[in-house]
Amino acid sequence: MNEKIIKKFEEIVGVEFVSTRADVLLTYSQTASLAVEPVIPAAVVRPANTLEVSQILKLANQYKIPVTPRSGGSSLQGEAIPKPGGLVVDLLRLGGIKLYENLRSVTVGAGVTYGELDKFLKKHDLFLPVYPESALVCTVAGNIAVNGAGPGSSLFGCIGEMVLGLEVVLPDGSIIQTGSEANPNAPGPFIRYAFGPDITGLFIGSLGSFGIITKASMKTFKRMKFFDYNMYGFDTAAQAEQFLVEVKQNDINSLFASLYSGEVLDLFMDMLSEELGFPSFEYSNRTVSMTIGRVREDMMKSDAKLACEICEKLGGKVLGVSEMPQQEWEGRFWNFVRASYAHGWHWKILYHHQTPTNSHKSVDIIMEVMDKYRFLGHTAGFHSGHSSMNLYPHLYFDPQDKEEEKKVVEAHKEIAKKLFRSGAVPFKLAEFWKDAIEDMDGYMAFLRFLKNSIDPNNIMNLGVLGGI
Amino acid sequence: MNQDLLELMRERIAIGLERDKTKEAIEGWERTAQLTLKEGPEYHFIVKDNNITVHEGPIANPDMRILSDEDTIRKLFLEEMSAISAIVKRKLKVKGATSDLVKIKHIF
Amino acid sequence: MSEIDLDELIENLLQCRRCGICRNAVFEDRGFDGVCPVWRNSSGFETSFMRGRIQVALALLDGTLEKTPENAEALFTCTLCGNCTEICAAEFDPTECLEKVRAVLSDIPNDVRDTIAEKIMQYDNPYEENNQIKRDWVKEVGFEVPSTGDLLYYTGCTAGIRLPNIAKSTAKILKAAGIDFAVLAEEPCCGSVMLRTGRVEDAKKNAEKLAEVIKNSGAKKILVTCAGCLKTLRLDFPKLGIELPEILHVTELLQEIIKENKLEVTSLEKGARVTYHDPCHLSRTAGVYESPREVLKAIPGVDLVEMETTRETAMCCGAGGGLRSYDAELSKKMAADRVKSAIDIDAEIIATACPFCENNLIAGAALIDSSIRIVDVVDLLAERLK
């Protein structure tokens, strides 16, 4: 990058917060996304506030420098891999948490992680009830940019459902505020759909291609105190899937409901049951592990009773095992990460949303392709909203076996195509989906139109959002 | 030493084949696996005709590749260590189809 | 250390999935309020915490990054405090790996590392002082201290040369408890900093020398007041193939002495809010958390309060791993940050159990013009002995 431009960045953020060093650039060439080619950027900047972000983008736009926004660096599908000659904007310095207790909302800076926010809200007996499994690393703003999900999503949906408004710096450096806070006289964030169409929604899941989120205003909820943890075993996928539908239909407050096949449970129990304190039990063909959460005890008990009745009505068995769902919920900051790393393999992920009653299709497709290409992996899923399951296949490879990695990348493409054809939709419209999506020309053309309108110089995370 | 290991594996497989669970798992199943030890020796397993045999040397195009060391393989066959524990400690590396790994779990 | 298996080291380093938990995780249930104090107190680029360090290590090892002092900086701007290992979800020890990487890549020029090692080999201490002065404090205790005996008090370079009060206080306490002890006539350095910074061959030579001197002292038990000496003698020497008698940190012994009522301890003149800073090599590495706290609680008038991060998740003071020499400014900033944690809970005294921590915390307090008292546990106890 031109020395003069570097100097201008230094004038904006200070010399200390700009780097063009080879070692620093290397560390920004990749994220937690495995089996993704690293790309060395030309420079990294660490702005302190929205104004500095705005000045940076104005400059980048002027000189048509590709920009990759990045906060936690924990994304898994190549969402924050830089472009050659590009600039990485590291947003972790944008801190700050402001609570609006009576508005039931909170505003956080782009660098605030879920862990940090949860600790803060807990003091006020509140929580933001959707947690990515990377909550210790991931920032709220970054997670909004990818529209993440995790524990809590079974009841509350993806994180996008929790957003009341965003402060965004657009590619030309201008700053907009969405939601009720767009009104400078508003007492704070209290409603999202405030001024015409859902502009907030435009940036949720945009993977940083429409602008940089510098502040996010979120709904807060009273922290739940009453939980029921149980597991439900079924002989068939159909029974388990129907159970999930009826849990929703009957307003059972399932905070987190995961669906596992017997083999996957078997594998992970072997690995981690001792460490995490799970008892041994007989695995059914399909098992649902569910956490019910309520602010009132009577509601929790009523939900728990009804869940058991529905299970048995469908021919399933109430297993009475609480440890696993309890660890899934109470250990939501760390246990899943541990389970994903303990076995030693690297993996490429292909998460997507399916309907509960179609989730067996995903499992069949994934297993079939893994067998075809002959590599290891696993998949499971959790309820991620009104009528969706988030399935997260992990395709394993040995990090020292480049052939195996290549195989996994090929298989990944094939799985994506087959999943799309089965009716699944992307969980984050990452770049690889562009080859899997069919018969959506109109939609993709409109997305391209939006991109070109908002970012005419194409500087923001080019090629990441569905290849656009 | 290699002969000892080969004998041990054959002995333990013979014991295993007497178990109903093992017989059920390999019924009608045909697979090959190659075991390569860090120390150098290679072996291969053939699952065929409701039987499991183990032989010295490599095999062409195995369905599954296993990488380990002699001490770990001994412990596995003597059931002093579980396969998953060996995998977590990275003393056992397995490359192959997931459904095959699941099946092997039922065999051993 | 037996010869480092490079293949195994790389395999371990590749266990890093680049999740980033090692950066600034706030994990209240387990007591984490941030993880990496270097990231927190520097310009915060990826190279300033373990995720980036591992990427740099791998790149240097496979040639992607040229082996230059600048490119290797990330390997050395780390105190090896182990907080990242404490929270890492993968199946490997990042801290241990980084220390090994420093050894494997010791061919990359590093003046600071090499200068300290040369000083130790030449002077038997890293301070370039006449090593004899390490025993000068003995003249001030008012009684004879032999150089041979069953219990050997191994002073350590920082207490012996920079903070002799710690040594005098230790002597006073042992005397009051009726415990005989010896102090070496000529005490070599434990070599900790050489091990931490990758000068393993020199550390081994030094260790052999020290082992011989200890053997000749007739010691059946060794007492230390420095956490760095504790880790080195208790945990590292065996890996170098060197056997020593039992090594105890002074607080471990004091806990027993206090339980046996061997000391008469008077109250602080005025009650004080005292907080304890866990030295990394005493706590996370050696698992000693409660002994120092028990000693403090045995002093009437001490109101023991805990900082936001304590025990397994205590933030490092910034002194260790060679950082204090490599980047003194960063090291002191980290110390200042730790002092702020004590100020945040209205502590009047920071007690610790390592002279290197004490030294750095004092520097950190000075940086932020804080008058908080920073003192070793033994000093506080010795002051209150009848």
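The chains carry the letters A, B and C, assigned in the order they are written, with residues numbered from 1 in each.
Basically, contacts are C-beta pairs under 8 Å (C-beta built on N, C-alpha and C of every residue); 3 or more make two chains touch, one makes a residue touch a chain.
Quantities reported herein were computed from a predicted structural model and do not represent experimental measurements.
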| item | value |
| --- | --- |
| Chain-level touch network, classified as line, ring, star, complete or other | complete |
| Winner on C-beta contact pairs when A-C is weighed against A-B | A-C |
| Where subunit B and subunit C are represented by their mean Cα positions, the distance between them in whole Å | 47 |
| Cα-centroid distance, subunit A relative to subunit B, in whole angstrom | 39 |
| Residue numbers of subunit A (touch at least two other chains) | 342, 344 |
| Per-residue multi-chain contacts in subunit C, two or more chains | 11, 91 |
| Contacts with two or more other chains, residues of subunit B listed in rising order | 88, 90 |
| Touching residues on subunit C, where the partner in the complex is subunit A | 10-11, 14-15, 17-21, 23-30, 32-33, 43-47, 51-52, 55-56, 59, 64-66, 70-71, 73-74, 87, 89-91 |
| Interface residues, subunit C side, partner subunit B - complex | 11, 91 |
| Footprint of subunit A on subunit B - complex, ascending | 63, 82, 84-85, 87-88, 90, 93-102, 105 |
| Interfacial residue positions of subunit A with respect to subunit C in the complex | 16-17, 19, 21-24, 26-28, 30-32, 34, 44, 46, 72-74, 90, 92-93, 113, 115-116, 118-119, 122, 134, 136-137, 330, 333-334, 337-338, 340-342, 344, 346, 399-400 |
| Residue ranges of subunit B touching subunit C (in the complex, touch as defined) | 88-90 |
